[in-house]
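In the two complexes below, chain A is the common chain; its partner is chain B in one and chain C in the other.
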Partner chain A sequence: MTDNAIRISDLTVRYGRTIAVDRVALSVDRGAVYALVGRNGAGKSSLVRCLLGQQKPESGETMLFGEDAWSRRAALMQRIGVVTEEADAPPEMSVASIARFCSRLYDKWDQSSVEARLKTFGVPLASRFGSLSKGQKKQVSLALALAIAPDLLVLDDPTLGLDVVARKSLFEEVIGDLADRDTTIFITTHDLAGVETFADRVGMMENGRLVLDEEVDALKSRFRRIRFAAQPVAIDTAVLRTTVVRSWGGGAEAIVSNYDDRAFERMRGTSDIGAAEVEAMSLEEIFIAIAGGKS
Partner chain B sequence: MKSALVIAARELEEKRFVAYAAVAFAILPFILGLIPAIGGKSPSDAIALGSLTFATGFAVALAVLTGAGFVGRDLSDGRMSFYFSRPVASASIWFGKLTAGILMIVGCFGVIVAPAWLAAGRYWKTFWTLTLGEMSVNVLVCALALFLIAHVIGTFARSRSPLIVADFAAAVLCGVTIRFLVLPLAAGRASMLVTWLGIFLSAALAVAIVGGGAWQLKRGRTDRRRNHRALSQFLWGTMAVALLIAAGCVAWVISAKPSDLTTMVYASRGAGSPFLVLTGRARYRGDYNATYLIDVGDNSARTIDLDSWGLGGVRFTRDGRSVVVPRREKDSADLVIYKRGASNPVETGLTLPATYYPIFVSDDGNRIATIVNGNLSIYDVPQKRSLVSVRVPSDWRSFYQGYFVSPELFRFYVQKEDGLSIYELDTRVRGLRDTGAIADRGFVFFMLDPTVSRMIVQRHNLEGITLNDARSGAVIKTIASENIRNFCFLRDGRMAIVEGPPSKMTLHILSSDGALQRDIPFDGGGRVGFVGDDGTRVVLSVANKESSLRRLVAINLDRGVIERDASLPKDWTMINWENRPPIEPLREVVYGDGAGHIVAWNPVTGARRMVMGG
Partner chain C sequence: MFAINPTDPAPIWRQIEEGIRRLIALGALQPGASVPSVRDLAKDLRVNPNTVARAYQRLTEGGVLSVKRGEGTYVADQPSQPRKSERNEALRDAATRYASTAIAVGSALVDAVDELEAAFPRVVREHRRKV
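Then we have the complex of A and B:
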């Protein structure tokens, strides 16, 4: 039995001459929460389709719980809850009909949990799916995905189009709870602030390539913003790798991607950098720094 | 299976409004029946007619609309992931949706038709030759075919993929291939095989679409372009295989050899010609009629492409060396000439309408006369050019026969209401001349001598025969006789006449000027036919008195005795007659024995030999 809930190796997806996913490799341990971030068009959705066995990659493989996602999709879906980027349920069906339909397809189905969640979200069961707001559709999808107590929950940009309250509800009340119950979560999102509190690992895609794949804590510990009172600042890049350097007023600001207290103190002792203030960074800031730095 | 049913139920539940519409259409004919202007004195008629019309229209429209969208729309709207993110196999998704579509079409048709059937069932046969069951099956088969085809077109069109150009090319290629498969079968009048070919290819198409649907979702899943590509591959791949199989079968059918024949449908042989055109059915080849040109001199045979019209256009030259065949080309026929000893036919360059063959050939086959669209033309084969073309009188709508008196002079006989008219066309003068007539109010039957200078004439309803001038039609001599059974000229210009009651027939041999030379009595039957002569003996086909079976009788003209008397099988086939004797002497009598064999009988020795047949 493998320890990986997800193992993607050398995955390449191509649309004609365009490479959407370029030799991506990553793995997610069972019970972990993995957040995949990236700009629009970075290749996240293509990777998720491969992950769910909905698209055959050009090369490479996607394994879920040790089984090939493409060839074993139908069986694997008994263990996987999915919330897609765009609500895909038939608009003419009522929420109750959709729940009834899904209940007949799964070996285990907790109808009471669906009803309870929808009640919490305030979504009436009799509503026509097409008449629901974007946020409500996501909530219905999530309630359906969770009704099977999935081993893996795949969320493809679940907060897209949701208001602040709905985001909070989604992330804190539901995902946080699931993470505590050892469910593996794979989430693609732009909302880094939302996942920062519970994501164990984060990956970042850019132009089809996975440019970052790291534990969140490690990532956050090595990124620092350093504000200098004076400029110009002469930073020894052999010691501290700076991603972004900006000047403002009489001072300067640098973002360091391999911050280390002792190295910084050593540099301070040997260089004339004057007064400096070191700040921790949020995931969102790190993402902007990396994406902005590359662009 | 369970997943497919769950999906089918979901699809039906989603589209239940269609059932409501069907119920409305079921009620509508009853309302129409109550309106006096529509229902009139027979509201049952209006109910029955309206119901079937609505049911048919509804089923067809539903088939097209549902077929075009039940997969293609989910793909283009990005909703297929709803199914693919559930634990259901691709095949279950396809067959679930397919089942729902079929049930919807069939069910709605039934919903609309059933009330009218119960209310006005006894009127169904009044309006249509088909029973309701037959009609329903026809409508539903058409609707389901449209449903499947609409699915293919819907998937292709909604993918917005340039691959659709390749699909169009493949569809055209399939159509062209099918046409090439049908043509040889149609030429062989194999209507049953054409029907079976149609059924086979339709079934293959249905399998290709149904299987292709499952394949497209298995390979393409939520991606519309990949769905399109997978469906294309499966559909055209399956059709290619089906067409290859069909082509193999057709090739096998049309490759039948004369030895494969079990039944002869048609046999034609020119008097004195070694050529024989034979059409027959071969074993295991259904109703396909294979046609061969057989040279009984060397037992060689070649397949020729002749349709039923073409058979009537075959002409054997009097010298026995050539045969003119109209080879079908779409809506026309190219005349080609097969010559003894030559492997390939000679293209004459002459094209005629495909269904009408007034063709007359000179003794050596170098000149051909045709009458097309009211124009009589004489064509020179070696030069491949028309020598003369004249407008024929507009009252030429009746039977005519033509003969080359010489390569330059063409004479023809036209049966008109007032008798037989005689015309000549001289290629040197290029003028049409009216040379004579034989007045009669009925059909004038005649036989010509080898040089087309004299003719024996038997007028309508007259038992007696006369010797006439073949150019002017003037009577030369009355050959007074009763009980004339048959008559002809022999190759040397003498006349042979069979006369007398069935029990006591006599063969009279007359000189070319009509003087009696010899009377030969023989045991005849009901009917007597002249087969030919070799200068020494004449061969007759004679019906037996008791059994009506026929036999061949060879009578020695010099000795006045019956030399050979051979029975013919019951289902024998033979050989067309000509009213002018051939150049070559009769060496063998060739006939089909009714069991697929061609047999040659030697009147000198009485020996029979097998020419062709299984």
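Then we have the complex of A and C:
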């Protein structure tokens, strides 16, 4: 037994001379929600393919519940629900026949849960898949993924192209499932605002590398935007690490990546900082600061 | 009930804890009243159910909520107030943040105090209206 639902170590994926995933290591505890972000082409999709046993890594391994994702794929897929970026099925098939088809692929299948969820979403079983909106296709995909009561739910950019209402209903259903069972969730997304209140941990990929992997609470507690009313700013960078500093009106703005109330107050007391306003930042603002601070 | 603010420096579990305490302090949640289940509140606030559970657990340990097995979670018959030292600390933290905002926008102390005095009854009124 292991407490990790996912344990990826030293994972490298290469397509010809292109390195898509570069020595990535990350773990996700059972019952935790992990959000992976990064720009298109950062390597998220390749990592998800490894997670689902669809891609043999060049080196390293992806372990799910202590079993190798590549060699134990068939058995593991019985425990993993997947909602892909582009929910896809033959357009002429009805939702009911898609569900029937999927039910044969799995040992356990809760058809009544599929029907209940589709009812909540307002998607009739008789509707042709091709006639559904993008949001409805995702809802069908989620209802099917949850029908096996998965131990791990992999959501690959689930809210891409969805409107606000469809996003809300999708997240509500996922949160409800999280509350009912101790599902582990791995989600890749561009929608940081959507996941920031319910992800336990976030990772950020850039050029195949995992450049950040941290608890959301810890990340949010160490980042602050400080607005100084005057320039120059007498900030002691030995105490507060600044990621981005730029002029702002008559003053300056600094993004601090190791903020600590007491250190700042001490600094305020000993140096001539002048008026300064400290603001907490949203996950999205933090990621922009991290990405911007590097380039 | 209340909203979660992602750019609030306080972690979400503490925002929930404070939100429930505030509703009780304002009389919106009476002693003995049932509070939403972890599942419902998590869906409502769109937060991780574990985060709600953590806030509820802290409130239960602090004597604010009580759990009746199989029935749900209720406001305690005599919900305990935060200790004076905790209350002072919370106020000092919030006051420091407020004071830095006031200074940053160039407000005089007397104007900042006026705003606070106006905000107090407004918050009470808004919560009463929601009940």
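Assume the second predicted complex is superposed on the first by the 288 of 295 C-alpha atoms of A that agree within 3 Å, B and C clash if a C-alpha of one lies under 4 Å from a C-alpha of the other, contacts with A are read in each partner's own complex, and residues count from 1 in each chain.
Convention: contacts are C-beta pairs under 8 Å (C-beta built on N, C-alpha and C of every residue); 3 or more make two chains touch, one makes a residue touch a chain.
Remember, predicted model here, so these are calculated numbers, not experimental data.
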Touching partner for A:E277 - first (chain B), second (chain C), both, neither: second
Touching partner for A:A199 - first (chain B), second (chain C), both, neither: second
First, second, both or neither for A:A229, with chain B first and chain C second: second
Which superposed partner A:K56 touches (first chain B, second chain C, both, neither): first
First (chain B), second (chain C), both or neither touched by A:D88: first
Chain B versus chain C as contact partner of A:R104, first or second or both or neither: first
Interface residues, chain A side, partner chain C - complex: 31, 33, 168, 171-172, 175-176, 178-180, 193, 196-200, 217, 220-221, 224, 227, 229, 275-283, 285
List of chain A residues in touch with chain B within their complex: 49, 52-56, 73-78, 80, 82, 84, 86, 88-90, 92-93, 97, 101-102, 104-107
Chain B residues within the chain A interface of the complex: 2-3, 6, 10, 13-14, 78-82, 84-90, 92, 219, 221-223, 226
Of chain C, residues touching chain A in the complex: 4, 6-9, 11-12, 38-39, 42-43, 45-51, 97, 100-101, 103-104, 106
